[in-house]
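First chain A sits with chain B, and in the next complex the same chain sits with chain C.
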Partner chain A sequence: MMTTGVWHPIALSVSIEPGSSAGTHVGGRELVVWRDNSGVAHVWEDRCPHRGMKLSFGFVRGDHIACLYHGWQYDTAGQCRYIPAHPDLKVPRSITVATYRTAEASGMIWAAIESAESAAPALPEDAGEVVPIRSVYVDVGADALLAAIEATPPRPFGGTERSVAAKLQRVGAKLHSLAAGADTLLLGLQSLSDNRTALHVVVAGPASSYVDKGQAHFLAWTAELRHRLDAQSAGSNHITEAA
Partner chain B sequence: MAAPTETVRLSFIGRLVLPSFAEFADKRAAKLDLKLAVRSAGDERFTVDVSGQPDLIDAFEMACSLGPLDCLVLDCDRTEIHGVSNGEDKR
Partner chain C sequence: MAEIVLYNYELDESCYKVRLALSMLGLKWSAIAVNAFPGNEPTTPPFLAMNPLGNLPILKDGDLTLYGAEAIVAHLARAHDPSGKWLPTGGTDFAKVMQWLVFSTGELSVTIAARQNALFDAPGDQRALRMSSSKMLRIMDDHMIARGFEGDDWFAAGHATIADIALFPAFALSRDFGIDHDEYAALRRWARRFRTLPGFTTMPGIPDYH
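Then we have the complex of A and B:
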């Protein structure tokens, strides 16, 4: 899968609280996304250089992340700073974790997963104030997911234009907008693998318009979408098994 | 302050696939920020002088004692060449 030179949505910003970490994938590549105690998000290769343990199982300690296995600690640049078994050791600069450029925009954490020689991609434009809905994980590729969204868009929550057809529009390599009446959803598509996708959903607008009832409205739509895709996926698996 | 360093001679004895073992040792030394000078290299014995922080030399010895998959290290001789210094150049 091609993952060069593109900003990938990795998680909803609200999903990664300060002092926490989580594991995820892009194109089969294992990543850890973590937020230090000052609130800055980081996306790295999910592998401790010592014994290969996933750093996403580790602990955030201030501006360091510590591996669960032997407690090796890495600073925000991915440089190992402390090895508990050798507290007096001056840790060599060669012990580092592969890091990716990370940014936050439109309520999502983004990472540039790219080779060193590729040009710097432009981050999708920030949509301003947004309200998070949820991240949904489905067993279909990104194109099939978009087709399902276009076929069964959400009903509008606010406004009066209830009869206007929803409009899905690509606004970035991995970002789509979905206009439904007066509401605009932003959809970040994270290709976990060829046939598994994470959909990160936010609604553009002020918290006063969407918190609680608006969130519940669009949350119900994402649940329906996922159930529909799960049923399709189970159906196609059944056909494959029968064949 | 500079980190303390020492130099030791390590001989790994066993059934070695030379290119594989040499590459493994090179990569481990680079990872551990150690200077490596190969003194002799054969299918049964591989001898290197290793300089750097003592804890990292220990880690190198342990890693090479396990070695790459296609090599079997049966023993390791260790001789101190220069004891631990504070890292300052005394010339």
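Then we have the complex of A and C:
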């Protein structure tokens, strides 16, 4: 069977709590990511079929997500189940939201948004135990972001020397590993649009090694990386305006 | 207890800070509705006599007349919260609360300008106001990510304080001036916790759900 598309990292798993939702983008496409109360994550088109309202503005109740506008409720398959203005109506099967195949691996929520259900690519490999750091949002494309990461390698946690051997490796279509001494960061790249990218950062390893101090260590690295990229985009804006 | 009266405009986020504090502290109070928009009533002489800055909120608590949302909220906590938790005075908690209150009245006030511009046609460069506002929300999000690593859910202490009350409206109302919550995961988490506090109330622009 031919597969199409790739798995896109959409959020850190910890960022979408049970019973909550958030909006996001891939390549300019609007998505809602939400987690039902049983803990299962869902990635859908961010649009209520009723009036086009963003579902990410809505709210989660049990295993339904409800539109903020008129309260239409959808089940985990994207099927509309309840219309408050017509409480006795058996909702037509045709009222559905586009849903995407969703998976969780390596501390991130992934979605296959380009492919039909039957043609989704193989699931992203799970890295085992990971500790979340954060998602960073920057005004550059994925390639420029990767170049900045190579130019600003993290120091190993506990070490003082910037690791000369810091090594960036592609391990999946949208996943890179970054070794710094004995530490390995996993970096999920989400292209929000052509010139805006989200970087989802986790560190591979047990909670006992990294929770709190180790997390703070790599959080500081993400701040340094973002600072570098902010300065770059401020510089390029300046040039554009001067020209 | 002396009577507490709030000069209030329902759509004003600074009045909302005071309404939140009054409600979360469980106080008895009454409101006088002020025509801030489009009437501009706070800039008329009777109001200027109470607050020369010509804005809301203004609070009367017995003989005291006070303006400035953060000052009012601090007064309410100091005078009417016997637990001392909302405005802690011990350790480093007091200093941290003060830092975020000053941030709220200072740099974060750009979010008020952005919202006034978007909703009430106040002058300003919409794009610049939005960019500055997102920078301030990012500072708040960064802080709450770090707090999360330490196992803390709140801005300044191990429990909610008036710093959280002062900071909540800017984030909760950010869609009013075109900033989505998408990229602020730590603030989304914090806001969800904040909404479960006893006495929490909403205002127009902040849905009752979640």
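We adopt the following convention: the second predicted complex is superposed on the first by the 229 of 243 C-alpha atoms of A that agree within 3 Å, B and C clash if a C-alpha of one lies under 4 Å from a C-alpha of the other, contacts with A are read in each partner's own complex, and residues count from 1 in each chain.
We adopt the following convention: a residue touches a chain if its C-beta (ideal position, glycine included) is under 8 Å from a C-beta of that chain, and two chains touch if they have at least 3 such contacts.
Everything numeric in this text was worked out from a predicted model, so none of it was measured.
S.K.: Is the arrangement of chain B and chain C around the shared chain A a clash or a fit after superposition?
M.R.: They fit: once the shared chain is superposed, the two partners occupy separate space.
S.K.: Touching A:Arg101 in the superposition: chain B (first), chain C (second), both, neither?
M.R.: neither
S.K.: More chain A residues touched by chain B or by chain C?
M.R.: Between chain B and chain C, the winner on chain A residue contacts is C.
S.K.: For A:Pro92, decide between first (touching chain B), second (touching chain C), both and neither.
M.R.: Touch status of A:Pro92: first partner only.
S.K.: Which of the two partners, first being chain B and second being chain C, lies in contact with A:Leu12: first, second, both, or neither?
M.R.: The answer is second: A:Leu12 touches chain C but not chain B.
S.K.: Touching A:Asp212 in the superposition: chain B (first), chain C (second), both, neither?
M.R.: second
S.K.: Is A:Arg134 touching the first partner chain B, the second partner chain C, both, or neither of them?
M.R.: So A:Arg134 only meets chain C here.
S.K.: Given the touch rule stated above, what does A:Ser56 touch, chain B (first), chain C (second), both, or neither?
M.R.: second
S.K.: Looking at the superposed set of three chains, what is the minimum CA distance between chain B and chain C in Å?
M.R.: Closest C-alpha pair between chain B and chain C: 26 Å.
S.K.: Provide the residue numbers of chain C that touch chain A in the complex, in ascending order.
M.R.: 142, 145-146, 149-151, 175, 180-183, 185-186, 188-189, 192, 207, 209-210
S.K.: Inside the complex, what are the residues of chain A that reach chain B?
M.R.: Going through chain A, the ones touching chain B are 49, 86, 88-90, 92-95.
S.K.: Spell out the part of chain B that touches chain A in their complex, as residue ranges.
M.R.: Residue positions touching the partner: 3, 30-33, 53, 55-56.
S.K.: State the interface residues of chain A toward chain C in the complex, per the touch definition above.
M.R.: That would be residues 11-12, 15, 17, 20, 22-25, 56-59, 66, 68, 134-135, 137, 198, 211-212, 215-216, 219, 223 of chain A.
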